[in-house]
Structure formats: structure tokens, C-alpha cells
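Heads up, the thing below is written out as C-alpha cells.
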Amino acid sequence: MPIGFLVNRLVLAIPTLFGVSVVVFVLLRVVPGDPIAMMIPPGAGQEDIDRLRVLYGLDRSIPEQYGIWLGQALTGDFGTSISLRSDVLGLVLQRLPATLELAALALLIAGALATGLAVLGTASRGRWPEAVVDGVTGTVQAIPDFVWGLLFILALGVLMPVLPISGRFDPRIEIDFATGFYLIESLARFDLDTAAMLLRHAILPAVALALPLTAVLARLLKSSLSEAMTQDYVQVAKVRGFGPGRLIVREAMRNALIPTVALSSVQVTFLIGGTVLVERIFSYPGIGNMAIGAVINRDLPLIQGLVLTFAVLFIAINLVADLTYAALNPRVRRG
Amino acid sequence: MSLDPVLAVEDLWVELGPLDLLRGVSLSVAAGQVAGLVGESGAGKSMIGRSILGLLPTGARVSQGSIRFRGRELVGLPIRAHRDLLGRGMTLIPQDPMTSLNPVHRIGRHMLDVLRLRMGLDRTTARTRALALLDEVHIRDPEAVLMRYPHELSGGMRQRVLIAMAFACEPALIVADEPTTALDVTVQRQILRLIKELQVHHGTAILFVTHDLGVVAKICDTVTVLHSGRVLEQGPVADALGAPQHAYTQALLAATPRYDRPADTLHPVPAPLTEALRVEATALRRGG
Amino acid sequence: MMLSTSRRRLLRAGALGGLALPFAGLASTVSAQGSTLTIAYNVDLPAFDPTVGASAVNPTIQSLYKSVFDQYIDQNPDLSFKPGLLTGWGWNEDRTEIFLEVREGALWHTGEPVTPDDVVWSLERAGDPDTGNPIQFVWSKVGNYRIDGNRITADVLAFEPTLFKWMAFLTGYVLPRRYFEEVGPDGFEAAPVGSGPYRVDAFERNAFLRLKAVPDYWGGAPAYETVIFKFVTDAVSRVAEIESGASDVTLEIPYDAFDRLKDRPGLAGVTTPVSDIAMIFLNDNDEIMQDRNVRLAAHHAINKQAIVDRLLRGYGVPIDTLQAPEYAAFDPTIRVPYDPDRAAALLAESGYGRDNPARFTIQTTRGFKPRDFEMIQAIVGMWRAVGIEAEIEVYEIAQHFELRARDALAPAAFYNWGNSIGDPSTSTGFAMFGPSPHSTWDTDDLDAMIGPLWGEPDEAARIAGYRAVDRYIAEQGYVIPLLQYVQPIVHRDDVVVTPHTANFLLPQLMRPA
Amino acid sequence: MAELGIDRLPGRQGVWVALCGNARVWGGGGVVGLFALIALFAPVLAPQDPLWQDLMLYQMPPAWLPGSEPGYWLGTDSLGRDLLSRLIHGTQVALIVAVVAAGAAGALGVLLGLMAGYFGGWVDALISRLIDVWVAFPPVLLSIVLVAVLGAGLHSVIIAIAVIDWTRFARVVRAEVLVQKEQDYVASAVTIGLGRWRILFGEVLPNVAPLVLVLFTMEMAIAVIVETILSFVGLSVASDRPTWGGMIAEGRQVIYEAPWMMLMPIGCLIALVLALNALGDGLKTALDPVLRR
């Protein structure tokens, strides 16, 4: 891998993260709704309020507060959550694996479904299955992830309750996980019962997140595939007597993936952003769910930390997309 | 011509919607022979190649006529059966080597795929064979080339690879679709020589599609001149080019650069002539 | 990691139950057996230390704290007081000293005994401004603690008639001194230790809290060996939890769902009026609210019974003062009846009518309490009928607190007021006394009436004084009390649930049928 | 293979010819137009006052289900208000948000995109960095935070959408301007001495207009969804003004007892978004030759 490219991208990420932190910091300081007001009990006087304000450093000017925050953040201290009274970094790291697993699962589902649909659509060009694929992807794309979540809860949680619709796993089962990546960990331990239980909980939110992305990816991939299929090298491979399945999978697919990867990184960030609402709807304990709680409680340090976490994730996704693009495309790799 | 041609096309009509792309074309390629197919762009020569290889574009279909390959009728043959003929029975040397190799696969993978999947060779044998083939097309350091990606090779090199791949399966018939058009002049000559050399060595029949009568004169045994989907002239190269019957052939001939003539004596095909042919073609189209 | 056999069986049962019985209300029997109780709880637990920060004064999570920690003084389900870690308490004759008697035989979850030293340390810590106890202003009114055996005496620095009630209320918890000093606040959050009936076994933020019974608890071993509070903040999901059998008990579900679920085979429901009332703050800052006719008209125009019957399906108790029937200063003779004609007449006196309506803004939360937004929509509809045109503005609860602290609420603002100790000072007192940061009505007439009651040492006189204040408020229409909430609890019918008027859902009050 | 041997279909066409031949433009546009008509004539079309409540008639099922109340074709909500009328008036809010928010996002994004693309240099560097920062924000979370800052209300929703989504326009417009400014017409405009802003708005803008139209249509769909999300979270339009998102949120509370209350606004949302997407897709295809002209 080109180390220079990686370093370059990482260096570029620094001003972006700085910009994000400034914007969110200022934005949050003008929020009506004060975290201190939330904890004033009946009977407290103005001096009590002021005392709490000093305690949480809210009595200083915004630039001063930002300077303090930045200085601490550079040493890895992102402050203390006001509502959860814990270290923000620790809280985020605690919940991040849940979101990452959910997003990864959703991505996997989206990738698999989209590939299947795109291949089906391409293989059946001009015949009815193609029309069905186009219709389905067009419709699915128009329905946002949280609406899918609601529809799933209605269909599978209410009308035909076959899947759990809240939580990440069944707390009645006492498991000690060494990491926050429960699903990966249980798979690594070949603890398939636990993995199945985790999957049953994750599948509905994951599919809700995955469906809009599936549609976008399927459309992108299908059009790239269709274009790749008309390329000379595919025609030439055809002349060597390779069957249609092979032509799509071995010859056209990788070429079609190149533009698809390039165009889909933004879509993947939308998926991550979508966890905010979907996790809330499914009571899934990830950072998205935590974020809404933080906004409701005006927990400024936590909101700040979470927005930055999302920004880091987004930058990482774009980086991974670029690296994948390079890995798929030999012309970029060596050239 | 041989009594038992490898390929015999008779009265072939191909239509695309209301248009007739080919209108009763007949031609044949005998074993061990190179048959030239000449015409301007749009004359329908590529359509013949596509019909033979079973690669007609969507919407186009053979409406009438027959294509017999080694005595077997290809028109109406199920796609799968037709596909089985490709590779080992007949194959193609494509026009543009720049776009005809999958950019994401190494040369080795291209060659090994053909040898292993179509010839059923195991990995080691296939590799040995690939090296031999590359050697046969005069590629130096074939080991290194196997590790290269297509974009790392020059056009001439890529065309050599494609030629090696075409001959890899020892096909009975190769359709060479303007294999030198996309290359520069010096490379063109080398490639032509190479094709001829391999053709003689392997005794393969070739249908050589080109718009260049000079090339035909050099490499072909017979020639068919096509215009607007119809055969205008057909016969052994010496006859057809020596004493062309049709005015169009004469005009084409006049437009062909030759080493024995200065370039300024070139005559483009006169517009009125092409126009006349086109009018005729339109009339026929309506009739059909 | 090996799975125990019982867990494997449980997993399989869970998986099969879900697949095989999709339409059955309850998927097989996986919980309650093996003495596990799963409660689908409506709020997350933000932090464990019950004495500092916003969570300490959040009434909705006190059930969790009360399961793990003991209070100085406890409350029965009917709000009457009973001994907690203190077995005796009181004032001396001239109210210059207090005494506390500490229970013997109580143990921390670490196995160490609870000592008077722990109690004194907890009280002093609560009174220390630097720890961030939001009720510090109460705790700091006592100091100079002296320990003699299991009896503690302390000096009263400023008289606070409700001091002992606070010991059963927010932040009134005893924490283990030695352990806390050893692990520090962060260590305590990571591994909290209390002396309550349950100890913390596992906690996953936003997901669940798993508790294990303390067999040698001074109040007797709890009935369930394992209790899981599953944090399901969404009401619809809680209904699904109970319906699918994933949880055994839940609360705060829509009343429609409650009515449907309680009749399901295998399920049962209990409702209890709780110490939580819905009310509309009026703000004297706005000119229109200075008109008594408008205030009273707005009150008379509301058909509280219809709201209870229609929107809350009968689950609610209409009230006309800030006191619910269980509260110490409740007076059933104070009435502000539904009377639209009277309302229209009052408005007409001030020149308003349907053609010339009185206009103001009403703020409301949405989804914070059951049917809050719908309730306000209904009220606005009723007002429209008599000649009040109110515009609804939705705010979040955080905004409400902020606006209220700044005294910048709209002329009318919907809120719910919790008061689990049932004292009039923590309802009418704080809500209506001008200098209090919680009040929005600041007029001298009212302040003059409430002011002396803060330090009134005679309890009977204090209660009577608040009754008089409530009557005056009702006559003047300074606030619009709406109704007392009823807590709907749905549970499996093999669990006996004792509801608590303070709106607690305590596992120690549940047992197998 | 070499070439097909046939001429391509007739080459240049006018914009309108291209538009008219496109089924998606007609289909999508038709449905969008229908919604627009409904929004425009909402007060006439709605059979009831959408705010009129009748607590005696709450949660009535739609006409085709047993127990329905005549006159309430789609039933009533928890306050006994007519669902059909609320859906019709909700369409108005949805379309106002769609048009105004997409317009605001478009205006901001096009302006910055034009400037970045045409002026280059530090202007481009600055705007491009700004875009980088902006796309690193989680959009849903940012919109929730923004509306929390601005306070609930239609204007907040519109501002939030514009503030968040201008980058969609800016990025594409910037790239297109980079292409356009190399064109001859720009060079000739420069040679006759037109000012930079004059060239930017008078010459370049009309040439990127078809692209902006496509983006605008797509953004309308996004705006409709965002409005629904914010209404759903309880942050959108204040007061008792009916919105689809608010209706979804209300319906969700009684999802077991009256699932249709949630499904009907979801249906409207999907129909409008689908139509807008189809219109956008169709416009993109239809305007492609115009863009490549």
C-alpha cells in the first residue's frame, strides 16, 4: 500500500476534525436548554446553580472553554459526561463496538443483497427479472432506514412476533465478554448459540439500515456491471467460451466494483449516520442511541465526543474506500 | 477453394429492427487458409464475425441463411452449444488490444484461465504452456510478463498476448477483427507477420476482417468485398484485386496506400459512388 | 469460555420459543423460572452514585437506586415512612439538635457492616458543596456530628422542617465510606457497592442492569435471585417485550396497550395513582395572565374528567390543587369545576369571546409523559370553544428546565410535578413561591403567605397553612392543576407486583405467585 | 468489437423533446404534481378541519374496516381528528419544506460551488475545506442538534436542511464549473470584457442549470425525509399543525391498536419520495445530452 498516500490522508484529516470540533463546540454553547438546569432540584437557589456551573466549567467564555477542552482532548481527555458522570472517551469506546458491529453487519447484508440483485439484473438484461430488480431497488431506495425499522417492528415484532425488537442480546443469559465486539468474539470462540442469539437481536436493525444502501449499491453496481459487460475484454472472454456467470463474476465484477466503491463511500457514511435513529427505535445500545440521549439531556461534552467519533468514523470510511479502490484497481496501485 | 471448408456462410441475412444489416452474404473459409473480408465501416463486416461467433448485439438476429462450421449448422444452435464451440473450435483476435484485456487481472491469470478452463490443463502444465506460447509470439522474458497487469504493457505486447491466447486452444477458425487497426504502423507489420507465421505453423483457418486492401494483399488467400451488407466482389486475392469487377472495389483499391505508389496519388472513394450505393441500399431495405 | 448447560438450554429454549410460538402471547417459559425476573424499564440508568449529578434528582431512576442502596429512612407503598438504615430519628425539644439511630446488622455488599461512621460520612459528604450533591442546601443545614455507639447526634445549623422527609427522598442514600475512599468516584461508578437488597452483577449502559439478591439482607432475602432491569426507553418496544415474553414486568405503557394486555392470558395488570401530577404553569410576566378572569376561565374550561376518560382511558385522577389525595395537605373541599359557561362569562367580563379570543402561547413536552401532547391539543380545543386561542409550542424537557430557571416560560406551560414524599413544601411550596427557581408565578400576595411556612416548626400549623395557600391559589387561578397520573404496570400473572405510590417499581416488592 | 455498423439514433434534440420522451419524468412529475395540487387546494379538498377534535370519536378505523364512522374515510386519530384531512394538510407542510429547504440548500450550495469552481485559489481551498468539514458531520445527529438549538418549528427544519445539505450542491456544481470554465464561451465572454460575477451568473450558471435542476429534485426528496425524521423525533413543526412525521410518531404509539394510523402517512411519504426520485432520475437521463452538449 502506498504509505505516502495514507499519511497524506491522515494529515488532511486533522484540520477536518479540528473544524468539526469548533463548529460543534460553538453550536452547542448557544443551545437553549442548559445542562445545569436539568439538575436543579426543588429548593435550590441561584448560588447553588452558580456553584454547579463553576463545577462543570460553564462559567467561562466560549473560546476559553474551547481552549481548555482542546488542550485536554489532545492528551486524550475528552471531558466528563454531565449526565452519565463518566469519562467521555471511555463511554464512547464502551458503546462504539456495538455500533460498529451493527454497521458492519448492515454493510455485509447490503453488499451481499446488492451484489445478488445487480448480478441478477445484469444476467437477465432485457427480460422481466431485470424490470423487477429495477422496480425493487427504486422503491426500496425511496424508503428511509427508520421507516424500515418501524415497518419491521410492526410486521415482525407486532403482527408476527418472531424476532426480538429491542436490545443487543438477552441479558438473562449471563455471558462475560472480553471485548465489546460480542458477535465477533462469540464467533471466534465458536460459541454459535450465543452468536445466533446476538444475530437474532441485530438482524432487524441491521436490515433496516442495510436496505436503503442495498438499493443504492445495487443500482450503482448494476449500471457499472452493465457497462463492464459491454467492454471488449468481456466480449473477448466470451469468445473464449466462458459462460455468463463466469463473465459477470470473474471478468466484469471487479471492474464494476471500482466505480461502485468510489461512489459508495458517501452512502456508507449515511448508513453510519442512520444508526442514530435506528438504534433508538430498536433500543440498541450503541453510540447512536447514546447520541439522542445526550442531545435530550444537553450533555455537551458527550455530544461533542460523539459528533467527533462520527466524524472520525466517516473519515475512516472514506479512507478505507480509497484504499479498497486502490486495491481493486491495479492502475492506481502501481501507477 | 477447398471442397470441405471450415466455415461456410450462405445467403446470410441479419436484421436489427427494421434494418437489414446483412443482405444475403455468402463466403467460405477453407482449412489452412486466410480469407479476407473488406469493407468500409458500416459495411457489415463485423456483423459477419459476430454472427459466426454468436455474439450478435441485443436486438439483432439472423433472419435467413446458414452458417456452417466444420459441417455443423450454427444458425439456430442453442446458446450453450454455440458457446461450447468457442475457444477450442473458433475464437477471436480482437481489434483493440488496449481494451480487450481485463484491466484488473494479471497477464498470467488471463492466459492460465484459458488454458486451464478451456484446455483442462493443470496449473503447472498450463504455466509451462503459457510460457511456451508467449515465447512463440516473440515476447522476451515471458516469466515477467505473466506477472504484469495489462496497463503495464504496450499495445503491441498486448496484441501479442491476445494472439497467443487465441492460438492457445488450437482452434480450427480464428476471426481476426481488424487486429492491427489500433496499432501504429511499424507494430502493425510485425503483428501481421506474427499472425501469418502462427497461422502457417498451426494450420489454422482465419477470417481476416479489415478495411485495408493492402493488408489483404499481403496476408490473405481469398477476399470478399462488402458494402452495405452485400457482397460486391469475391474470389482469390490475385483475381479480385488484380482485376476488380466492381467500381467500388476499384475505388477502394485506389484509396489504399501502396509502397509502390507515392501517397499523393491516393484517391478517396468518390462520394457520388458511396451515395449511389446507399440509395440502392435504402431501396432494398424498404423492399425487404 | 464454556457455556454452562443451563445457559445452553436457556438459549435453545429462547430460540425455539421465538420460532415455534410466534403467535402465542408468551414465548414458553424462560424467565421467572430459575428465580429470574426481567423488568422492561422505561429509562436508562445514567450513573450509579445516587447522591450527585442530575441523575440523583431524577425521580424515574430512584427504583434502581433503591434496589442497590438503602436510604436513611424508607417509605411504604402508601408513602408513609418506615425505618431504613436508621431505626430512629427526631428533633430535640427546642429543635436545635437531631438524633439518628443506626440499624445494627446491616451489611455492605462487600460483607463489611454498615456503621454510624458511614452514615455520618454520607451526610457530611452530601452537605459538602464540592461533591456536587444537588440537594446540598438541605444537607448543609445540619452539622457537627457526634457518634455515641449506634446513636448519632448533630447540631441544627438552620431549621429545615422537611429534613427527615428528605432522608427518604432524593439523594438520601448511605454509601460505604471505606470502599468509596478506596476506589474513588470513578471506581465506584465502575463497581458500585451499597447495602440494599440487591447487589450489582452486570451493567451495560443503554442496555440492562443485572442484579443479584443479597441473601443476608437485613430486611430479609428478596424473592428473586436475579433481577434484570432492561432499559427499553420506547413504550412500543416495552409492549413488545412483555407481549413476547422477553420481559416479565413493565410500566409506563400506553393505556390502550395496558387495557389490551391486562386481559391477555398469562398477563395481569395493576394501576396505582402515583405521586406525579400534570399541571399547567401560568406566568405572571405576561400581561394576559395578570387578568384573573382569563386565568380562571382557562381553568374552568378544561374538562379534566373527559381528558382522563378519553385520552387516558380512565387512568388518572382529576385534581384541582397541587396536592394529590395521598399527600399530607390534600383538601377535597377545594374545587375548580368544569364549567364552560362560567369560563365564557368570565372571558366576556374581560371583553374576550369566540370572536375576539384571548390569545397566548402554551408550551408542552411531547412524548415525555403519556399523551402529554395530545392532552394539550385537547385542552387547546376546549379553550377554543370558550374563546381562548392558544398556540402550542413544543419544547424538550431540558428547555423547560432552562426556561423555568430563567423565569422565561410561556404564559402557559405544561409540566408534570413529582413529589414522592407528598409534602406540601415540595409541591405548592417550591412550585408557587416566587424566590424559588422553580416557580413561574411570582406575586407578593402569595409569597407573603408561603414565606412563613418554610420555617414553621408546628407540623399541624404548617399543613393547615399550605391548605389555605392552595385554596387562595385556586380562587385566584394562579396555576392549573390537571390530574394525578396513574402508573400502568403489566406483568406475568405468576408474579405478584406491589405498586408504590411514589412511582417506584421495586423488585423487592415483587414475588412469585 | 469494432462497430455496430449502424448510425446512432438521431443525435441532438431539444431539452423539451428529451424530457417528453421520458416516462419517468412524466410518471414522477405527474405524481409530484398531484401532491402539489393537493397541497395547494388542501383547504378545499380536506373533508374536515384537520384540527377539529372530537374526543368521542377517537381512533376510528378507516371506512373499509368494521366499526368505522361515516364521513371519516381514513378514520380518526387519538383525538378524534380526521386522518384524511390531516394527511392532506400534512402534504402542504411536506411540500413547503421540500421546496423551500431544497431551494435554500441549493442557493447556498450553488453560490459556493460556483465561486469555488470559478475563482479557484484560496476561495476554492477555503470552500473545499469547509465541505470536507461538513461532510464529516453525521447528518441526522447534526439536524437533531441544530433543531434543538434553533427550537422546534418549520423555519428551524428548513434552516437545518439548508445548513446541512448545501454541500450536495456545492460539490457537484464546483466540479461542473471546473469543466465549464474551460469552454470557449467563457473565453469569449472574457475577451469582450464581461466582469467575473457577470460571467459567473450570466454565462456559467445557465449552463449548470440543468444539473442544478436534477439535484434540486433529488434534494426535495431528502428534505421530505428529513422533515419526517425531525417530526418523528418530535422536533419539527410545533403546535398542532399536522405533519406526516408527527402522524407517524402518533401512530406509532398505537401501533398495536390502530396500525393504519402509522401506515397511511408512511405510504404518503414513500409515494412522494418515490415520485421525486423518479422525476430526478428521469431528468438526469433526459438532460444528459443537454449537459454533454
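Every chain is named by a letter (A, B, C and D) in the order it is written, and numbering of its residues begins at 1.
Definition applied: a contact is a pair of C-beta atoms (placed from the backbone, for glycine too) under 8 Å apart; a residue touches a chain by one contact, two chains touch by 3 or more.
The shown structure was predicted, so the numbers you read here are calculated from the model rather than taken from an experiment.
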In this assembly, which chains make contact with subunit B and also with subunit D? A
With centres defined by CA atoms only, which chain is the most remote from subunit B? C
If I average the Cα coordinates per chain and compare with the overall Cα mean, which chain comes out closest? A
Specify the chain pair with the maximum number of C-beta contact pairs. A-C
Taking the mean of the C-alpha atoms as each chain's centre, how many Å separate subunit A from subunit B? 52
In whole angstrom, how far does the Cα centroid of subunit C sit from the Cα centroid of subunit D? 44
Distance from the CA centroid of subunit A to that of subunit D, rounded to the nearest Å? 24
Indicate the whole-number Å distance between the mean C-alpha point of subunit A and the mean C-alpha point of subunit C. 37
Scan subunit D for residues touching two or more other chains and write them down. 1, 148, 151, 252, 255-256
Multi-chain contacts in subunit A, i.e. residues touching at least two other chains, fall at 32-33, 153, 158, 232, 235
Within subunit C, the set of residues that touch 2 or more other chains is 236, 396, 399
Looking at the complex, which residues from subunit A come into contact with subunit D? 12, 15-17, 19-20, 23-24, 27-28, 30-33, 138-139, 141-144, 146-147, 150-151, 153-154, 158-159, 232, 235, 266, 269-270, 272-274, 276-277, 288, 291-292, 295, 303, 306-307, 310-311, 314-315
Where on subunit D is subunit C touching in the complex? 51-53, 55-56, 58-59, 78-79, 148, 151-152, 234-235, 238-240, 249-250, 252-257
Residue numbers of subunit C touching subunit A in their complex, please. 1, 3, 7-8, 10-12, 14-15, 18-19, 22-23, 27, 30-31, 36, 38, 44, 46-47, 49, 52-57, 129-130, 132, 134-138, 170, 185-186, 189, 201-202, 204-208, 210, 226, 228, 230-234, 236-237, 240-241, 243-244, 246, 396-399, 401-405, 426, 430, 435-438
Which of the residues in subunit A come into contact with subunit B in the complex? 125-126, 231-243, 250-251, 254-255, 258, 328-331, 334-335
Considering only the defined contacts, which subunit C positions touch subunit D in the complex? 235-236, 239, 254, 256-257, 260, 306-307, 310-311, 366-367, 371, 374, 377-378, 380-381, 391-396, 399
